[in-house]
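Both complexes below contain subunit A, partnered by subunit B and then by subunit C.
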Partner chain A sequence: MDAIADPNFKHQGNKLNAVEESPSLLTVVIDITPQLWTEFDGKKGKKGNILDVLKALIVFLNAHLAFNISNQVAVIAAHSQGIKYLYPKSGSNSNASELDDDHNDHYETNTDKFIISKNMYRRFRNVDETLVEELYTLFKEEKKNVGKLTQKSTLAGGMSAALAYTDRVTREMETMSLKSRIMVITCGSEKNNREEIFQYIPIMNCIFSATKIKCPIDVVKVGGSKESTFLQQTTDATNGIYLHVTSTNGLLQYFSIAMFIDPSLRQIIVKPNKGSVDFRTSCYVTGRVVAVGYICSVCLCVLSIIPPGNKCPACDSEFDERVIAKLKKKPVVPRLAKKKSSGHISK
Partner chain B sequence: MAPKISDSESDADDVIQISNRRQRKQVHFDANSKEPKKDKHVDEKDNHDNKVSKNKKKKKKKPQGNENLQGANGGYAWEDEIKRSWDLVTVDEEADMTSLVASLIDARKKRAAKRNVTPYQRGIIRTLILTLDCSESMTEKDLRPNRHAMMIQYSIDFIHEFFDQNPISQVGIVIMRNGLAQLVSQVSGNPQDHIDVLKKIRKQEPKGNPSLQNALEMARGLLLPIPSHCTREVLIIFGSLSSTDPSDIHQTIASLVDERIRCKVIGLSAQVAICKELCKQTNYGDESFYKILLDETHFKELFDEAVIPLPVNRINKGFTLVKMGFPTRVYEDTPTFCSCHSRLVYGGYFCPNCHNKVCSLPTVCPCCDLMLILSTHLARSYHHLMPLKTFNEVPVENENFPTDNCFSCQKTFPVLKNNKTGKLLTSSRYRCSDCSQDYCIDCDVFIHEILHNCPGCESKPTI
Partner chain C sequence: MSHSGAATYKKVSGIITINEDVSPAEMTWRSTSGDKQHNIILDTIDKLQATPATSDKMMLRLIGKVKELDEETKKQKGNDGEPIVPPPKPLTHMFTFNNRDVMDNIKVTLQQIISRYKDQEIYDEKRKMDSSLEQQTIIAVPLINTAQLDDSLSRGKLLTNLKLQQSLLKNDKDLMKAFQETVMNAGLPPDEFWSTRVPLLRTFALSTSQRIGPYNVLSTIKPVASSENKVNVNLSREKIISIFQNYPIVKKAYDDNVPKNFKEQEFWARFFSSKLFRKLRGEKLMASDRGDVIIDRYINLDQEYDRMDDQKLTHPVKKFIDIDGNEEDDPVKFGHRPHFTMRPGLDINGNNDGTIDILKGMNRLSEKMIMALENEYSRAKLQNDSPDEEEKESLNINDLQPSYTASYAIVHLKTKESEVEQQISNGGSEKSTTLGSTADLEHDAITKEMITENIDNVVKSLTTDMDLSKILPDKETSIAVNNEVISAVKINAKQAKHNNIDPALGTFVNNVLSESDAKSDLPPELIESCRILHTTCCEFLKHFYIHFQSGEYKQAIKVNKLYKHLKSCIEKLNELLTDVKNGDGEEFATTCTAYLKPTLNSITYAVERYDKAFNEVNRDNISSK
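Moving on, here comes the complex of A and B:
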């Protein structure tokens, strides 16, 4: 009789509640630098690869919203001249985006009637419409930017903003125990290794703050070389997923299989990025990869050799002579010398 | 009967004096309120500082000399005006406090975001001995639930924060209890060990007297074998007002100076002369290393200050090269033993020197004594060396701002207006001088305390 007594049922009810998923925030940072995508188009011999990615992204966002009524999304575009919030709409031209949501709706439904059907679920439509519209204006602007000077990618800026946004939303929804994650979509090019150097410190900083606010960063790299040192390190350190796809065909499937693994399940499920991550560093002077090196205690630059003149080449601080002498002495192993000498004698 | 009468008379005098003072101050603040409102923060801060110094002056126990007792106006410290924190709040006739409170909260956050941004050469590889007072005075309940519990809680937070910001540093923990110094946690770079120990101490009842000398001698002994490229630091949390020492503590202090050990003391009750002297001597005459806490949040702030590595002193410099190994990571299908814990683990790191497997980094290779780190650990300390510029508050004068939203989080900037005059109290915008983007106060704090990246500067395509 005890088995069907009231308390047992109540207990079960509680358990069900606990299992219910907590809401989550998905922030997508997408690199839409036209230069990269056209390069990729050229290599694939197919135009409009970015459209495939964006289509897949929109479906992906809708799917995320469909999981839980309080799920949220945000999309940040890193373009050639800066970053831009695609959703929520950046309010520089209009008033507060959230307050004027209804008003915007009216306006948009009038202009874009044919893009998105009115019968669509409202939450999907809100996101999709804003996204499409903002992308449209962004690409129009990009047209003017052709030929402007770009020295580095703006992806790190986008990631920084995504982290700040995540921090803000988590703070605002403290009572709901919101989970959050960031997804970075980028297009690989063959020659971006050089410009990656400028991104090293900002991306590292992003990694540390992401681990601090417990927000995994997932990376999808379309095309290009398979490895992306910094982004792989990012996913490794933040418990994220690194996914490299060679073509945009069936991207949605990749998204839905790899990217929907809940962060709490990631220890159990086999992730696509299981493999080695390049953690090597290179010497400041010679540029060689270092396994055992010397580190300047002041500026932390890595050296494979003891620099000439006992001066740090990066920060110019003079090293303690005695310590240097000790370091220089090390390779001479006394025992080895003995052996050699004994060998000579025997000969 | 005569003395009684005189007593009451002096009481009356006191009352009159106090009311006089109050009046004077009222006048002072009226004059102030005519000035723009934002000055008030500054004023408040000044006052805050005043209070600190006064606390020190007022509560001095062992007088070192008469000039030390003198207040700012030349008289004795106890003759200074009493300033009460609640007298500072000036309210309009309308008595609307909301906007005022909001701006006060902003001011507090602002203080948190204000960091020193001059790039110093800092001692990044640190060795710190955390010395905790576990004497009877720690049972005092002026911090909730009591001093001991709060100190332990904050110490745990401190250890987390410390290793987060200084991944290649080491910490040891010593407690002062029953007149003895006990080493409770060996000098090591593993935060979890320290935290476990601290949790154990939490259950222990504080007892007896503290002995500064014993603790300092022990710390000195622990720091002696530390190589010269590491900094040697002692952080003391001291709640008691006295120290029970076996011999002359001044000699100990002198030997600390010889060993280039730098001490920092956080006092929980009142200023103690010997602590002040200790900090002054070991920090080359800089007295700012001895701080007394004002309240719980200040206690936390003082702990946070100790997380930031100290600038390298001219006298204290030890620029050297440190030999380190960057191991490669391996994945294995079958578990093998690691050399550090002798546990079966899947994968790990191979020491490049002796090809020995360790399971976690950073660590010292148990086989060949090489310091093993990841390049990411080095990168974690970069922001100490290259701090981010502080953002400047945008002045209120013109009410036309370029954006209504925070650049990084898209939050709409709040409009805090004085109800009566309709003037903006603050612009709530903080601008980076390099990329001239505006940020909200929360982002400002987040960017400077956690992110260490300016999203605006990073999203510029040119360098």
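Moving on, here comes the complex of A and C:
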């Protein structure tokens, strides 16, 4: 039996090896807003969920790098005040960090302490160290920002940055026919869902550009409600995977089983998405998800009610009064009483 | 041009002349001395025999028809008075030649003529057979006036064009069904029915009114060689019409000769073997070409026609700029005469070989084609837009005009933050509240301290040793996660199969061919009646809402009518449901109800809205009194 099966198996293996896999770029956008994660920690009764996610992410990135020597990764963080490239480092490599203030001095002194493992494969270490280093700086900064007002659409901003980065790298590496995909890791809270409504337009823009450069966007949502209307729409439109996990426990397993679908296989492979996608959009004024509504012809903002003041609440464009009047027209029904009264007049 | 040649008949030498000027054509042999003459009318000839080229003898035998022998003999007697014994066998005429070329020449000519007469017979017979069919071929009249397209496609014209509507209904079965149900059976006014389908009418009108414009018809006519040494030409009625349109000379030849000289069939046979045909088609004429005596006379006339066309097609010279402009300046027609070496198809003596004429002829034809379409499809209107406009524009001195710059309207998108910022003066824990008062308790519980603590925690872990192996989930979790993902994949795989997802496109494929009805337990007739009822209801609902929301009080009566229709729709729906319940049993009834429930609901809703609005309006009126 073995004698027969073995050569067959080998042959297959050779065949697979013969096909040169095209390199791919993985861009990860991670929402690290401390506010959200703290909230999530509180709900789960377990501290440091964000750390679990980050660790799982590092392993995931290493795995991606291990697949192909030419594979590339990029990590972008969306934090409370904006976005930040964690890897590759923003600014011109280490020059910027050397010139930087005490954060980096502090970090430099600690450099040797936390290095993951000195024996680690160099390519992994390059990525991992930079990542941890940048995260450290970022969290230090976040500490200062506690109490400040949170920016709303940083996640969508991160996605835009990821798309821009992907597009740039793909163009630079045109000869390599680099495939690319984007993974978004976000933490869901009860409130987040409502906030997401105001990210509708930026997310829609991301969807359009992602479909144009044929880059799938995967979404992993940790905690919160199962559904995430717009992120689900994103994955649906870009051939991505939407995954909702209730806890950070076993996250690595989720990553490795569901998130490794090569972009070129997206169209063939059945994706582990759950539930159906809600294709509706949200009203700008009331925040309600609407199926039928009004749309501003200038900025395409969706409204469920005729806004007061005949003005678009998003772009201040004035609406045509006649059109509004038409929309406000009351239904037509025969007026029995009026007929009578007009009859009186004619008499 | 008649074909003639020396030949011996009954051992007397003489000259054969073929005369095609008369109809039917004749062949006359006259002895050299001139005292003997033999006349053969060529449409009485059945067969033609000649000695093969390999043989030394050069003889041509014509064998007459047997059946109509009596008639022929009478005719022949009448013609030349020569007594011919009516033999039981067919009449034969035998000629001997002393020159192969002469014989061949005569043979070919005779062949042509005889086969032409034979074709005529076949054609006549065929015609008798399907004369009834012939009458039915009516040339389609376009359903709309294509010369004024804009006008014909206007809403009003389309709605009143009953012929157009009828033919659309004939073409579209589904629409016909809907029309029958709603208009014929349920009493929806037809103009109401069409008012929502104007684009449909317009598309139909446009697609049916498209016609083939003038084209080089003759080049599409391809003679096909058949067996029996004949050349067949297929000619449809449309082609004949367009030949007449494009070539008035052919029309003239036809009018002159048919049916005076020949029958139609013969005319075309002659035409296609004529030099005129070759000339019109754009072929070079060789001196050695065999033509058709009668039709070729029109070549000269055709040149006359060409001159007239040239005059018509002369480009008018615009006087706007060039006051002295005259026709000699037409660059298309005139110009400096090039050196003879630069003139195609010209030898040193300046004789041309006809190439130029052919090219000119083709150009003339093309121009005529373009001109013919000038007034079609509202093009006449376009011409009215002052033709000098462009010229005026180009004359303007634009240098000192300010250059055009694109201007953009800036749209300021307001984010909610700006408002929130104003609202919240005391930052604290409420820093990210977007919807103000509805912030839940849980959210409130998260304090600044907690967040700071969390950050500290993270920072601390980032600076200490990080053991990535700890993140590996234990076996149970891994298995649970695997199962979860795999089960989701399984469900999706089933759906993917069901939804007929195209793997290449990754989307649902709306292939009409593969579209099939979902399985249903109901009998097909029941489903059909459900379907018809559904379309009828939808139709009424659509029209009801159009008028209900129109805001024009003139429509009130119509709305009321449609409201009554909707009510009867409800009745019909209920009737059907109860019928099914009583007749086909509970199971079918539930399926049927499931199918029609949405329709019923939407109609009920519409009726409710009407009632509500009606009561409101009338109460207002009562109270205002």
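Heads up, the rule we're going with is that the second predicted complex is superposed on the first by the 235 of 347 C-alpha atoms of A that agree within 3 Å, B and C clash if a C-alpha of one lies under 4 Å from a C-alpha of the other, contacts with A are read in each partner's own complex, and residues count from 1 in each chain.
To be clear about the criterion, a contact is a pair of C-beta atoms (placed from the backbone, for glycine too) under 8 Å apart; a residue touches a chain by one contact, two chains touch by 3 or more.
Just so we're clear, the structure is a prediction, and the values are computed from it rather than from any experiment.
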Touched partner set for A:208, first subunit B, second subunit C, both or neither: first
First (subunit B), second (subunit C), both or neither touched by A:299: both
First (subunit B), second (subunit C), both or neither touched by A:83: first
Which of subunit B and subunit C A:281 touches, first, second, both or neither: first
Contacts of A:317 with subunit B and subunit C, given as first, second, both or neither: both
Touched partner set for A:290, first subunit B, second subunit C, both or neither: first
Partner chain(s) touched by A:158 [first = subunit B, second = subunit C, both, neither]: first
Partner chain(s) touched by A:200 [first = subunit B, second = subunit C, both, neither]: first
Partner chain(s) touched by A:171 [first = subunit B, second = subunit C, both, neither]: first
Overlap of the subunit B and subunit C footprints on subunit A, listed as residue numbers: 148-152, 198, 201, 274, 298-299, 315, 317
Partner subunit C, residues of subunit A touching it in the complex: 34-35, 37-39, 41-43, 47-48, 50-52, 55-56, 58-59, 110, 113-114, 116, 132, 135-136, 139-140, 142-143, 146-153, 189-191, 194-195, 198, 201, 239, 249-254, 257-258, 266-268, 270-274, 287, 298-299, 313-317, 326, 329-338, 341
Residues on subunit B engaged by subunit A in the complex (per definition of touch): 121-125, 164, 228-229, 312, 317-331, 352-353, 370, 374-376, 378-383, 385-386, 403-405, 407-412, 442-443, 446-447, 450-463
Complex contacts: residues of subunit C adjacent to subunit A: 411-417, 420-421, 424, 427-428, 431-432, 434-435, 439-440, 442-443, 445-446, 448, 450-452, 454-459, 461-466, 468, 470-473, 477-478, 480-482, 485-486, 488-489, 492-493, 496, 503-506, 547-553, 555-557, 559-560, 609-610, 613-614, 617-618, 621-622, 625
Interface residues, subunit A side, partner subunit B - complex: 78, 80-83, 85, 88, 90-92, 95-97, 148-152, 154, 156-158, 160-161, 163-165, 167-168, 171, 198, 200-202, 204-209, 212-213, 233, 237, 274-277, 279-281, 290-300, 302-303, 306, 312, 315, 317-320, 323-324, 327
